[in-house]
Amino acid sequence: MNPALLEVDSVGKQFGGLVALSSVSFDVPRSSVVGLIGPNGSGKTTLLNVINGIYAPDRGSVVLDGVPTKNRSPSDLAASGVSRTFQNARVFSTLSVEQNLFIPLLHRSGGERAKSIKRADELLAFVGLEAHANKTAIELSGGQKRLLEFARALVTKPGLILMDEPFAGVHPQIKATLIRCIQEIVEREGASFLVVSHEVPDLVNLSNFMVCLVEGKVAAAGNPKDVVRNEKVIEGYLGQSDE
Amino acid sequence: MGAQVLTVIIDGLLLGLIYAGIGLGLSLILGVMGVVNVAHSAFIMLGSYFAYELFRRAGIDPIISAALALPVFFLLGSVVYRTLITRVEFTGPTQGLIAMFGLMVLIENLGVIVWTTDARALTTHYTNTSFAIGPAVVAWVKVLAGGLALALIGAAWVFLHYTLTGRAIRAIGQDRDAAAVLGINVHQLLTILFGLGIACAGVAGVLLGMIYPFSPGGQVFWLAWAFLVVVLGGLGSVANTLVAGLVVGIIQTFAGAFVPFEFVYLILYTLLAVILIVRREGLTSVARRSI
Amino acid sequence: MTISAPQLQIKGAVAGYTPAQQILKGVDIAAAPGKITVVLGPNGTGKSTLLKLVAGFVKASEGDVLLNGKNLNALPVHERLGEGIGLLPQGRSAFPDLTVEENIELGGWSLRSDRKRLREAVEAMFVRYPHLEKLRDRRAGTLSGGQQRAVEIARMLVSNPSVLLIDEPSVGLSPIVATQVYKELVELRDEGRTILLVDQDVRAAIKISDYVYVLTSGKNDIQGDRTAFEGDLGSIVRGWLGV
Amino acid sequence: MLSIFFVRKGGAEDRTLRLFGLVFCVLGLGALILYGAIGTKQGILSLLGTVFLYVTLTQAWNILGGYGGYLNFGTATFFGVGAYTTAVLFHHYGLSPFLTAPIAGVMAALLGVIVGVPTLRLRGAYFAIVTMIITFAVQIVVLNASITQGPMGIFLPPLKLSPLALERLFFFMFLGLAVVVTLLVYAIENSNFGWALVAVREDEDAAEVIGVKTTRIKYIANAVATFIIGIAGGIFAQRIMYLDPTTAFSFDISLNVVLMAVIGGAGTWQGPLIAAPLILVVADMLRVTFTSEVNRVIFSIVVIVIALYLPHGAMGFMTSLRQKYFKWRNPKTGDEVASA
Amino acid sequence: QAQEKQPILIGGTLGLTGFLSEGSADYKAVYDRWNDEVNKRGGLLGRPVKLVIYNDESTPAVAQSLYSRLLDQDKVDLLLAPFSTFVGGAVLPIVQSHNKLFFNGGFVSMAMFTNAKGSMIGTYMYQEPDYPRGLFEFIKSLPADKRPKRAAIFTYQSPFPIVVRDGYNGYGGALRFVKEAGIELVVNEQFPANTTDFNALVQKAKGANADMVLHIGQLNDSLQVARTIQQQDYKPAFFCTCGSPVTSIAAWAKLGAAAERAFSGTPAWPTQKHPGLVELSEFFKKERKQDTLPAYAIVAQTILQVIEQAVNGAGTLDQEKLREYIYKSEFKTASGNIRFQENGTPVYSQLLLQFQNGKNEVVFPAKDKTADAILP
């Protein structure tokens, strides 16, 4: 049996005296979507930063495809198929939309690149930005920047995509498109997603597996429907829904 | 040996205070507005001549000139801000750099026209006097200048950290639009800030003029010190500017006492580079979240 | 606390970031006094631009912004607060190097002549948002995304503005906090404030709205009160909105 | 979509303009070569030689500073190291600087790599100022080393040529260097490497995360730039014939290069071609017209006016002209607009 | 006819801005004055004279291109050297490649004079290795108990001061003079350009109990060292600014007590009544409001007198003929009656000045003395 695509094993991370993550463990299986939820400041973004190689964990390990990622730089991981989006969209502001999509393809060669370009066009259409292809990224609205970043994370056909609140501020209709897009990629390409989102109902539908962090610890993990019914999760995160 | 160490420490602290005083204005303007004010040394030069002229013509003591320089240079800075900086500031840091470079050359050469290139020395009745602390001999002017620099730094620190206006100015440096939304008149406060930065340069000029001979083109050498102190302290941080000044001063005098003088600067630069490289953003080095 | 609710009107506004390209192409919106007026629309239609127009960052080339009949067109940004306008911008805007307390205090800039009142207003915010209390002395830049959003909301409210321009308030907030924010908006309305709310969380926004506008391609073409959107007109629009 | 692989800003009109520009460049180069061959005014040849030298330096700076956004205030470090390399090799082994210029480049690049490892982790003003400090530090080393004859400096005997031939020689040396470097920068601008640098400038973290090897890119850019600067310095040593630490490591060199790059429009290959001649010719004209400090006063006013009225450098000005008369889309926004 | 009336062009550069501007200003004043006067006297060879003096911004590279311009475009008839060895070193090769005589009132350098093989005519009365010589000859004339015992030397890291300290090819230099005088050398330090604070250096000399301090540098650093010495309450019996002759510059007097008793050399002094010297001194008093006559002015005046006498005497601008004339004649100048040695320099002569009660006095040699040296 193949190991999981990503294994997060008792990861801990501190900022000065502040414990952002303590002993977090879970797996991201192949061809799946893992939802990551948790109250504000519970360490979700920090976890993505650790997986992604931006921060080195103080404790524990992250294993990608059976290989520990210790000391690997984000770009190195990107080359092995890890990509991500940021909680606050970070686009290359003086470049045009299509140039933004072009940057991840820099290290691709020949035929592969041509394919990727086709994919970039598709993605652009997918997120509804094709009309803006020549706009400078700084001229985009808040939501559009996020869509651009979404597309940028996918052009290289990565195997593992980390998404930090991809749906925030995105119009519902486009959100539905994005969700479909994610599902399709998982099915067709066998990629896996780790999605942080506060839009829990959507995330429950989308993911195969869900993890809830509270104060840097895994408070609940498992089947999404079970997780959101977990008392601790409801109390600490979801609140009493009045619906 | 012990006596020497005492001397070195006293000298280092005084020198450090002066360095911090020189760096202060630069740090404020760079930290909040992102403008690399290379004309800083030109205003320092004007400050020195300000004290010189007041002393020569009206016999006004440079200590009083230091106080007078505050409002005068504040006004000067405000005018420069309104006429020059507002127009370039929005177009990015490098544009400000060019404008300030032009201003520096302009002021320096106007200075040459007015005062010629001759070196001047401001000699008051206490300039050549000194007193002893144990075995160490300390020049009065350095103590005075150091004290004034400390007062200036203290005042700036209180202003920026303990008054609402000061906090608003810091806020502008971090997010100008958000500040405007809160009802803060950004233009006005930046005028104040720039005025203050230049006022600090003017006062620093008076202080330097008290201690060292000067000429229109010569004060530019202090710019390197100012920059050193600013990066070492971290942009826009008053308290750290002080610490950085003292660190530089102490390193310099220690090196001066114990190694051949020609290597003093090399040791100083190397240590500073090492500190910066280890601590990245100088002594401040807050873990700023960018991701 | 009650406030005499002002009325905000945008009349035939044409505005954009460059003269060559107008984003708002004749927008007519009235925010009724003491009501929540919601503006919906796809990404990039100009909702945020509309708020920036009211706040004064963007100048109208045609049309007017009226507050209680007074024309605001010539007022610079910082003076509009004096007219009672508060803005919560889209995205992140907390001052990263100031502490949470200093951030909130600056929200009371307009009260600066009366220190006592300012202090009280600041303390009132910590009472209102108890979870900020323990973050009081942290630098805002080290907070998590959601924590920062909470700081921004508190900061806006310190000066007690009577017209609130809110751009996507709940983005990045955990559900429990988001629910609270919407409740809060209702309370703020009930205190008599006029609220202009822009949101992509269509469902939540409509639920608390009194009146709804839909902005598409720079013009407002559909409008109605809440019942219309929840009722018949709703079914048509809803399909379009993708709820 | 594919268009972006070939041109920075798409569109057929753009291609005509580019053709126009190409023809212009070729004609300009032809004229220069012609003048270099038949011109007899040494002063002008010498001035143009200096212009080409600065075009070379500014272009090299442009690679990391303009495209990569790392404002380097230490050009003089590598220039000086290059100059001293050839001077020392000549002094001790009698090797002609023209032969050893590549070694000068290698030495400068070597130093570039050594100081680059720690400094390229710094950003913004910190990087700028540390690069400046490194110049001072290296200068002091050279000042106290015996191989460089310390403060005494090194004399290189004049070549056995007539003064005019000498000027002509350096005119062509530096012209050649400038052309090669400009072509290189042009190639970089349109290469993957250039794009990666731009990504680093725009948002280094984001670039890293999407797979741009930012560290490597910066090192390479730095090494290439310092290599070129070192070569230029190596040839300069022969031209100036007397090398001392103050001249070779003068901060003016670093500052001039930055000013020229920014005035021309940083991150464009055309910028240095416009700004270097502009600044140097204006300065020279003023110097010989007004023999007193008045020349510097006027020069400073010119600089201030440029800062005020060319907010995005000469190239930005050209772009805006183009937009005005060709009615194209606007790539830059009014900056006073809220980014909220 | 019209050809005849073409002015004679005499070209050169000075660092009118930048760190050499202080001395340059003195040169400029003398040049301008002479230009007026020589034209009043009817010019040279019946032609008017025009001085073309560019500002080299104290930068060697700029000076190079300006000399290139002077020689090639302006086609000057006679060439003046720039001020200071620092700039001169860079210019010399260019001048040599044009086979021009180089009239050098601007700088000293044994090496360069040797190298120029007589094509450079200098009017500094002594070259670097001899700068401190006057002081030591004076010391030799003192009774043994008055002589200094321990010396400290501070040297600016630049070619000229280094040679002042080390001498040239085994000749002269402060180090040798100190040794020959049997003085113990206790501090020997160098300082780089742009040194802003000299406390550490002075502390070292004081700590070593030196009763003699030789400062071999330039103006600004000399002023600072003098002041720091005073502030440190340190009283070396002999303090000499043996680099540049800076006590005769206006700024020195402004130091107050710190200026007192400093020694310095000069090629000549108005009290010697050499041709033009008194008038020059008057001119500086009246026009430049300067009580004391800077040594730079004397050298500048001298080179112009040499040019004038040479051109009129040889009756031509032909460089070869001028050269021939110069080497066989005696010149009556502000620096006295001088003859040129094979390498283009005059025979050594120096006066030792001491700053006393706000002005310079000649204290050595005895025949030119205006006051006795004050020693503690």
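All chains are identified by letter, namely A, B, C, D and E, in their written order; residue positions are counted from 1 within each chain.
Please note the rule applied: a contact is a pair of C-beta atoms (placed from the backbone, for glycine too) under 8 Å apart; a residue touches a chain by one contact, two chains touch by 3 or more.
Being a predicted model, the structure only gives us computed values, none of them experimental.
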Steps needed, at minimum, to go from chain D to chain E via contacts: 1
Chain at maximum distance from chain A, centres defined as averaged CA atoms: E
Contact-richer chain pair [B-C vs B-E]: B-E
Chain whose mean Cα position lies farthest from chain D: C
Separation of chain B from chain E, taking each centre as the mean of its C-alpha atoms, in whole Å: 36
Centre-to-centre distance between chain B and chain A (centres being mean Cα positions), rounded to whole Å: 47
CA centroid of chain A to CA centroid of chain D, Å: 42
Chain B-chain D separation of Cα centroids, rounded to whole Å: 31
Multi-chain contact residues (two or more partners), chain C: 17, 48, 55, 57, 87, 89-91, 93, 142
Multi-chain contact sites of chain B, meaning residues that touch two or more partners: 108-109, 112, 177-178, 181, 224, 262, 265, 287, 291
Residues of chain D touching at least two other chains: 140, 143-144, 205, 293, 296, 333, 338-340
Complex interface listing, chain C residues touching chain A: 17, 41-44, 46-49, 90-92, 142-147, 149-150, 168, 171-180, 200, 202, 241-243
Chain A residues within the chain C interface of the complex: 15, 38-42, 45, 87-88, 128, 132, 139-144, 147, 165, 168-176, 198, 200, 236-239, 241
Contact set on chain D toward chain E in their complex: 41-44, 46-47, 50, 139-140, 143-144, 150-153, 155, 157-158, 162-164, 166-167, 240-242, 244-247, 250, 252, 284, 287-288, 291-293, 295-296
Of all residues in chain B, those that touch chain C in their complex: 164-165, 167-168, 170-171, 173-175, 177-186, 286-289
Complex contacts: residues of chain A adjacent to chain D: 52, 54, 73-76, 78-79, 83-84, 86, 90-96, 98-99, 102-104, 106-107, 117, 120-121, 133-136, 138-139, 152-153, 156
